[in-house]
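For reference, chains read A, B, C, D and E in written order, and residue numbers begin at 1 within each chain.
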Amino acid sequence: MSEIILSVRDLKKYFPIKAGVLQKTVGHVKAVDGVSFDIVKGETLGIVGESGCGKSTTGRAIIRLFEKTGGDVYFNGKEVHSLNHKELRAIRPKMQMIFQDPYSSLNPRMTVGQIVGEALLDHGIITDKVELRKKVMKTIEECGLASYHIDRYPHEFSGGQRQRIGIARALALDPDFIIADEPVSALDVSIQAQIINLLMDLQKERGFTYLFISHDLSVVEHISTRVGVMYLGSMVELANKKDMYKNPLHPYTQALLSAAPVPDPTAERKRIILTGDIPSPANPPSGCKFHTRCPYAMPICKTDIPEFKDRGNKHFVACHLLDKNN
Amino acid sequence: MRQYITRRVLQMIPILLGLSIIIFGLFALAPGDFIDANLSKNLSAEKVAELKALYGFDQPLHIRYFRWAGDALRGNLGDSLQFSKPVTSVINDYVWNSFILSAFSYLLSIILAVPIGIISATKQYSKFDMGATVVALIGISMPAFFLGLLMIKIFAIDLHILPVSGMRTAGLNATGFAAMADVGKHLILPTLVLAFSGVGSLMRYTRTSMLEVIKQDYIRTARAKGLSEKTVIYRHALRNALIPIVTILGLMLPGLFGGAMITEQIFAFPGIGKIALGALSKRDYPLMMGFNMFMAVLVLLGNLLSDILYAAVDPRVRLK
Amino acid sequence: QEAAAPEQAAEKADLTTQTVDIHKAEDPSKNPQQALDRKDTIVVGMTEFSGKFMEQFRQSSYDMYVNQMIFEQLVEVDDEGKPVDEGIATWTVENDNKYIFKLKDGIKFSDGTDVKAEDVEFSYLLLADPNYDGDSDMSKYGFVGFDDYKNGSATSIEGIKVIDDKTIEFTLEEPNAEVIYFFTGGIVPKAYYGANYTKGDLSSVKALLTKPMGSGPYKMVEYKEGQSVTFTANEHYWKGQPAVKNVIFTVTAKSTAMQSFLGGQTDIEMMDVSIENVEQLKAAGFVDLHRFPTNGYGYLGMNNALPKFSDKRVRQALAYALNRKDVVEAIYGPFGNVLNVPQSRVAWSYSEEGINEYGYDMEKAAALLDEAGWTMGDDGFRYKDGEKFEIFFTGMADHPVLDIMLPVMIESYKQLGIDLKVEYVDFPTLTEKTNNFSAEMWFMAWGLTPDPGDSSNVYRTGGPQNKYNYANPKVDELFIQGSKETDFEKRKAIYAEIYKVLNDELPCIIVYQRSDMWAANSRLEGFHVTPYKEFTKDLWKVTIKE
Amino acid sequence: MAKTLVEFKDVHTYFYTEAGTVKAVNGVSYKIKEGETVCVVGESGCGKSVTALSLMRLIAAPQGEIVKGNISFDGKDITSLSEEEMMSIRGNDISMIFQEPMTSLNPVFTVGNQIMESIMLHQKLDKKQARDKAIEMVKLVGIPRAEAIVDSYPHELSGGMRQRIMIAMALSCNPKLLIADEPTTALDVTIQAQILDLMRDIKQKTQTSIMLITHDLGVVAEMADYVVVMYAGKVIEEGPVNDIFKNPLHPYTRGLLKSKPVINQETDRLYSIPGQVPNPIGMKDSCYFHERCEHCMEICKTQIPTIKYYDEQHKISCFLYDGEGK
Amino acid sequence: MEAVNKKVKISSNETIESPWRMTYRRLKKNKLSMVGFVILLGMFIFSFIGPFLSPHDMITTNVLNANKPPSSQFWLGTDSVGRDVLLRLMLGGRISLLVGLVSVAISVFIGTLVGGLSGFYGGWIDNVLMRIADIFMAVPTMPILVILAAVMSDLKVLPERRIFVVMFILGILSWAGLSRLVRGQILTLREQEFMQAAEALGLKDSRKIFKHLIPNVVPTIIVNATLGIGSSILMESALSFLGLGVVPPIPSWGNMIQAVNNFYNFQNRPWLWIPPGVCIFLTVMAINLFGDGLRDALDPKLKR
């Protein structure tokens, strides 16, 4: 069996909801509510799911930008949340994140060169100024920017260009593991292809491991080895890419796949339309969280939480429908 | 939040205690005492010793401190040596005059400084900005006594429209509204003098922080909504620029009660600033202690207030 | 307009022959309307009040003016500072140590009650209270039974005896020439102040500090802290109803006092004497100026115990090298005088007999230093035993005299070969430095009372205010003699002798006596002030001209 | 034939930076007709957003400036309107969904507040009504617990939620023209489908024109009536959606279409257009695409091609088709 | 593969510009800041070189020549003991300029540091540092200065050096306000996403504070410093009544402008106070112009 680089066990992250003048906590947003998965070295786990279902939060909790509410995150065998300041700093370069929002994640007062290069400098990986500049130029060019961009400030770039700065920042460190939070959604398809190719090439060359969060199902399909589907803070389906796309088992996954737009104006579309109220993560529905919108909901779905279990061939699904059948 | 406030208020107790020790120590270390400061040729050595014993200056420092602290805890700040009156009543006699003066001038400087700062920022390097900057800098580089005299010369002496000094017209037996108007007339010049130097700095801070904010994307969004420029600036931008302004306002709180020494002096205004200064130069320990502890409480409260306001102004600020 | 040169600005009045120089307003028609509008009120400008409105407790001179409006005393002094019986009593002395006071008739407190001997006793008992913390030092006169009262359980002082409602006797253990001035303290009503008073607890008395009551020409109506004191005529005043019903003492700012006076906001104010001020006031046309020598002098103190100052030739050299005349001229113009003895030139005890003037003379100064062994080095400074002549001068900042005198001193002393280094501290620090003799040279001023004996504290060996470390048995002896001699002529001779010695030995360099000046609006008639008699004394006689 | 709502005529928008003048929009002309959806696609950084901002007259002064050309909206020339007149157009006649949802929302106001603001301004509703309308809008864009969300601050929302808030804001005032700058990049496909439906609905109901800037060719295929392809500040190809997808002419457009991964179509490696966008500062007279073009000819290196009709509706700017079109 | 294998070319003659140089270059382009810089430079030359060109000297007094209006001999008139006002103005500049810069530099340094640490770390560190700031704010400065004066007097510190000690101490005492300003802004800055990105990079805290946060607060710091220099020049003179200002014969602008305190001088001898007033104003103005220029030079969004 291949080496597990990241192991997430029952991860939980709740945000308090504050109200009133005195900001009393009146409840919690259960942004991530018990997510578990493993990532094997060299693979790409794609994560898709409804917007707001906790994908970014999961990513941030993994690299400990948020303190977890519960559960464990093991990176190379070490529990990330119990590391001290120094140990944490030491593993940071090995574990990088590409942020979803390309603008607010760039310091407006730093040039591209500084943004991309400073971590190298700071971790003492490259200390020579000229060397550093070369490395930064190389990296930004790899990410589809031009070397003359190096002395510009973020606000001078278009959205897609900014995203590439963020990617370059993460890649510059040569990390083992990268959480890519919608890294290509702001890019045009050509650059998108370029970045995806780059990510995949690097993976091949250097054995990178990715946690790839995206809404674009086709991109996820292309890049991932396995794909997980999240719904309202939980993982509802996790399977091999092929299994997932050919044979989606969870009703939500099926709806998702059917909704993917096709770049053909004449194509026929048969979408599964989800009806019903969209539930709130502050007050998630009992039982199966999806039952409020599920076309196949049964009485049991309202009461019992379906088990997230292997339905053969490492295809994990949490759905009572499958329990019935088995 | 409530917890935070409670904790901060509780923290004030040891801080005030520590401060009282520091301040007491400072006053005790300051050379000379009340008797030296009121040097009189008539005092024989024995009489001096007797007086020092009466005031307790002959006691060791810690005894003196505990005596003071013990009384203070019971709400008794002692008697001012200079006025032979309870410290609390001396402070009470003067502090409200200062408060009225400061309150008006702060109000005036805020009313002036914030909009001027904003306009300066939105029209950076325009004539208005340049003009406002020059005026602000004049306010900063001009000593208060100079400005005071200038105002007196113009308005009181040459134009004869305002009184030279004091707080009330001597011999005017006015009551009610007329008395208030009289006080008001006396307040105009000192208020202007105080406000003038305050406007400068507040305006500069407002301008800078506005300059930062108006280039943000959300200001563009606000404009895209078709909001009037006024709404964009005064609602969307100002709110984001408030953090430094709130800090300054918090820092201003003690000044509200602390009096303005020089201005009070020039206008013979019966404020606490003059008294506090006199207390130091006369080494009136109980009064100094009382006044400075009062100020210390205000400093702490002012800063607490601005900390609380941060959270109200910017929801991203997390206080812990 | 330009500041006129001193010579043209004012003619120099000789204040040794005349106590007060009065300059009458030249054009009263210039009187500002604001002043003319006040028909029954006089407004006096003052600097500040501490609110200790009882002579027993007062510290500042501004409080004193208030007190003098309200309280009266047994003994008054004349223009020369000699005691006279213009107060509320007449007195006789028995055996040089028993003073018998008889209260005059018809003297009433402002509440209409008579002033009685027991009020006088009470007024003095307060000073002997064990917890009394005012300035007055009663112990030094040796009243019989004083100690038993102050530190013992006696309920009265044996030496202070009420004979009847009008008569009171004070007995001393031995004759004391100074005690007569002790009877110039204010008399307070016992019924009012003593109502809740028990010996040892002055709080009930102090609580009335801002609500004083006495027998003076005016009574207090209102005291506004930091702002004003308002008086109204005391209808029971024994010398007659005051002519002007209301008097207000109002606080003015030092820098703008002139302006409020010229604007007519105040009628009377003490003005700093300077060429500019006099000129401005004269030019205003409606101002009467009353100028007289200040009761006090400014001096340069030296710690005589320091090796460099222990030689009197050095001290003399320092005096010769300082052009006091020019300095005083520069500061006060014609309104100040170089002074050589520690007494006011108008005081009865003033004497210039055998006095060395120490006129500006650099050669003499240099010669004296040479004589004293301070020889000129190559660097332009003097040395003795390898030590450079360096003086640390301690002063207070923003002092009008120092602002002018110091630059001159620095320059002259440098010429003489002395490096004068100046440091500034605040007043209490300076007193503490002099108290523990850590100051080398400093500048201060002393106030004077009509009694020449109070200089003893300053110049006798170990005197409480002798910060010069000056010791001369002869001076000590003369001071003792002076305090016992009750004959004024003989006393004067004793002090003349003291002054001569001090002038020769120069424990400190006395620099100047300046002038005080009261400006009064010319619409006031009968304003009168002399060095020893405050304007308040005769304010009740003042009338307002139509 | 529908009336023309917006017409860009030879618009040039430049930014003056230290490094030189960035000709972000360099002679753009096209039309948007009433009730029509025009999709603008193109390489990231090619000036799509700046074109839109020029239309809104929101180019950041003083560095940015519309230097040439005019833009007519509803018969008025935008470039010569007074600031007051612009104010009544913005948010009311034209509303815009900005690309960066995080930085485009004011961090110190609740999102509800920000939505209500324009409702109150343009629809003259009172506070209560505006709030109800805001909640309705938030529900409409598919955010659960709308009542609570309107009281949250932007930083408390996920990327997709912020984006939907922006959409809600823009849609709340029934504009004549909706500019949507990559409105769905942060959204999952189900929500995206929902939003696209919403936009279509609005368009049908109120004859709103839509200027949709996007990278997602799937979205283009679904939404567009007409497509404008931009490259390096210029329009290089435009035409009805079917023409563009079925018969892309410009090598760049072809490359774009090739780059897009499609679900269930395995490819080893995504196609990406080789090379870099040229430095927009000091560009030479040439076809800006020539360095990356497979069909580059001599003329491409020395002359700037002009845009010409290829057939009735399809316009193209490429020397390859010189003589072919009419 | 194209993108990956593309050769990185750095032309050999490309110079690497440090941020400092860049700022400097931008500053140079900003006319106003250059005006400020030139004025400031002029002030320094005036104060430090000017006195050597004066025919007068600082020590010689001439009471007969006192308070003379400007003439060909005394260009700016004479003071109350007949010294040349112009010379005193030049010499006064030495003290005032140094004093202003020294105390402000110290307080800005400490204030920024404390504010940065406090705002960045938050939690108990913030609490402790801010409580210390509270204490520094609440402790009255005057008695400290009085004590200082006495101690220096006892130690016989050379009088002309004392003012620097005082300004040093004042700098140490007056950082608290700035630290609160800095912290206040950092409190919001640190919640922004780019700080999370910095955290994800595992940057050193010092880098996060000084490279990421502080640059975003620089404008406020500049304003604070500008205001501080003006007020400490004036403060120096206000201190004199505590015995802490300059001592004779050394002049300072703050001290000279005190002449105006006398109404007669104010009305009739403008040559005593207008020159120092103008000097203080010009200095503050210059520093402010320079500060504004610096602010703009550091602002990436405002370059044109």
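Following the convention adopted for this analysis, a residue touches a chain if its C-beta (ideal position, glycine included) is under 8 Å from a C-beta of that chain, and two chains touch if they have at least 3 such contacts.
Quantities reported herein were computed from a predicted structural model and do not represent experimental measurements.
> What is the chain whose Cα centroid lies farthest from the Cα centroid of chain A?
For chain A, the chain whose C-alpha mean is farthest off is C.
> Select, from all pairs of chains, the pair with the highest number of C-beta pairs in contact.
A-D
> Measuring between Cα centroids, what's the chain most distant from chain D?
Chain C.
> With centres defined as the mean C-alpha position, give me the chain C-chain E separation in Å.
Whole-Å distance between the two chain centres: 46.
> Can you check how far apart chain A and chain B are, centre to centre, with Cα atoms defining each centre and the answer in Å?
Those two chain centres are 53 Å apart.
> Determine the centre-to-centre distance between chain B and chain E, using the mean Cα coordinates as centres, and give it in whole Å.
23
> Whole-Å distance, chain D centre to chain E centre, using C-alpha means?
Each chain reduced to its C-alpha mean, chain D and chain E end up 49 Å apart.
> Quick one: which residues in chain B touch 2 or more of the other chains?
Within chain B, residues 30-31, 145, 149, 215, 217, 314, 316 contact more than one other chain.
> Can you list the residues of chain C that touch 2 or more other chains?
Within chain C, the residues that touch at least two other chains are 255-256, 259, 425-426, 429, 432-433.
> Specify, in ascending order, the residues of chain D that touch 2 or more different other chains.
If we look for residues of chain D contacting two or more partner chains, we find 17, 60, 100, 102-103, 107, 155, 272.
> Which residues of chain C touch chain E in the complex?
Residue positions touching the partner: 1-3, 255-256, 258-259, 274, 276-277, 280, 326-327, 329-330, 392, 394, 396-398, 402-404, 406-408, 410-411, 414, 421-426, 429, 432-433, 438.
> Quick check on the complex: what are the chain D residues that touch chain A?
15, 17, 19, 22, 41-46, 48-49, 99-103, 142-145, 148, 156-161, 163-164, 182, 185-193, 196, 215-222, 224, 241-242, 245, 255-257, 259-264, 267, 269-273, 276-277, 279, 281
> Which residues of chain E touch chain A in the complex?
Contact set of chain E toward chain A: 1, 3-4, 6, 8-10, 16-17, 19, 22, 192-194, 196-204, 207, 211-212, 215-216, 298-301.
> Within their complex, state which residues of chain D touch chain B.
Going by the criterion above, the answer is residues 53, 56, 58, 60, 83, 87-92, 95-96, 98, 100, 103-109, 114, 117-118, 121-122, 153, 155, 166, 169.
> Mind listing the chain E positions that touch chain C in their complex?
59-61, 63, 66-67, 69, 80-81, 83, 146, 149-150, 152-154, 156, 158-159, 162, 240-245, 247-249, 258, 261-264, 268-269
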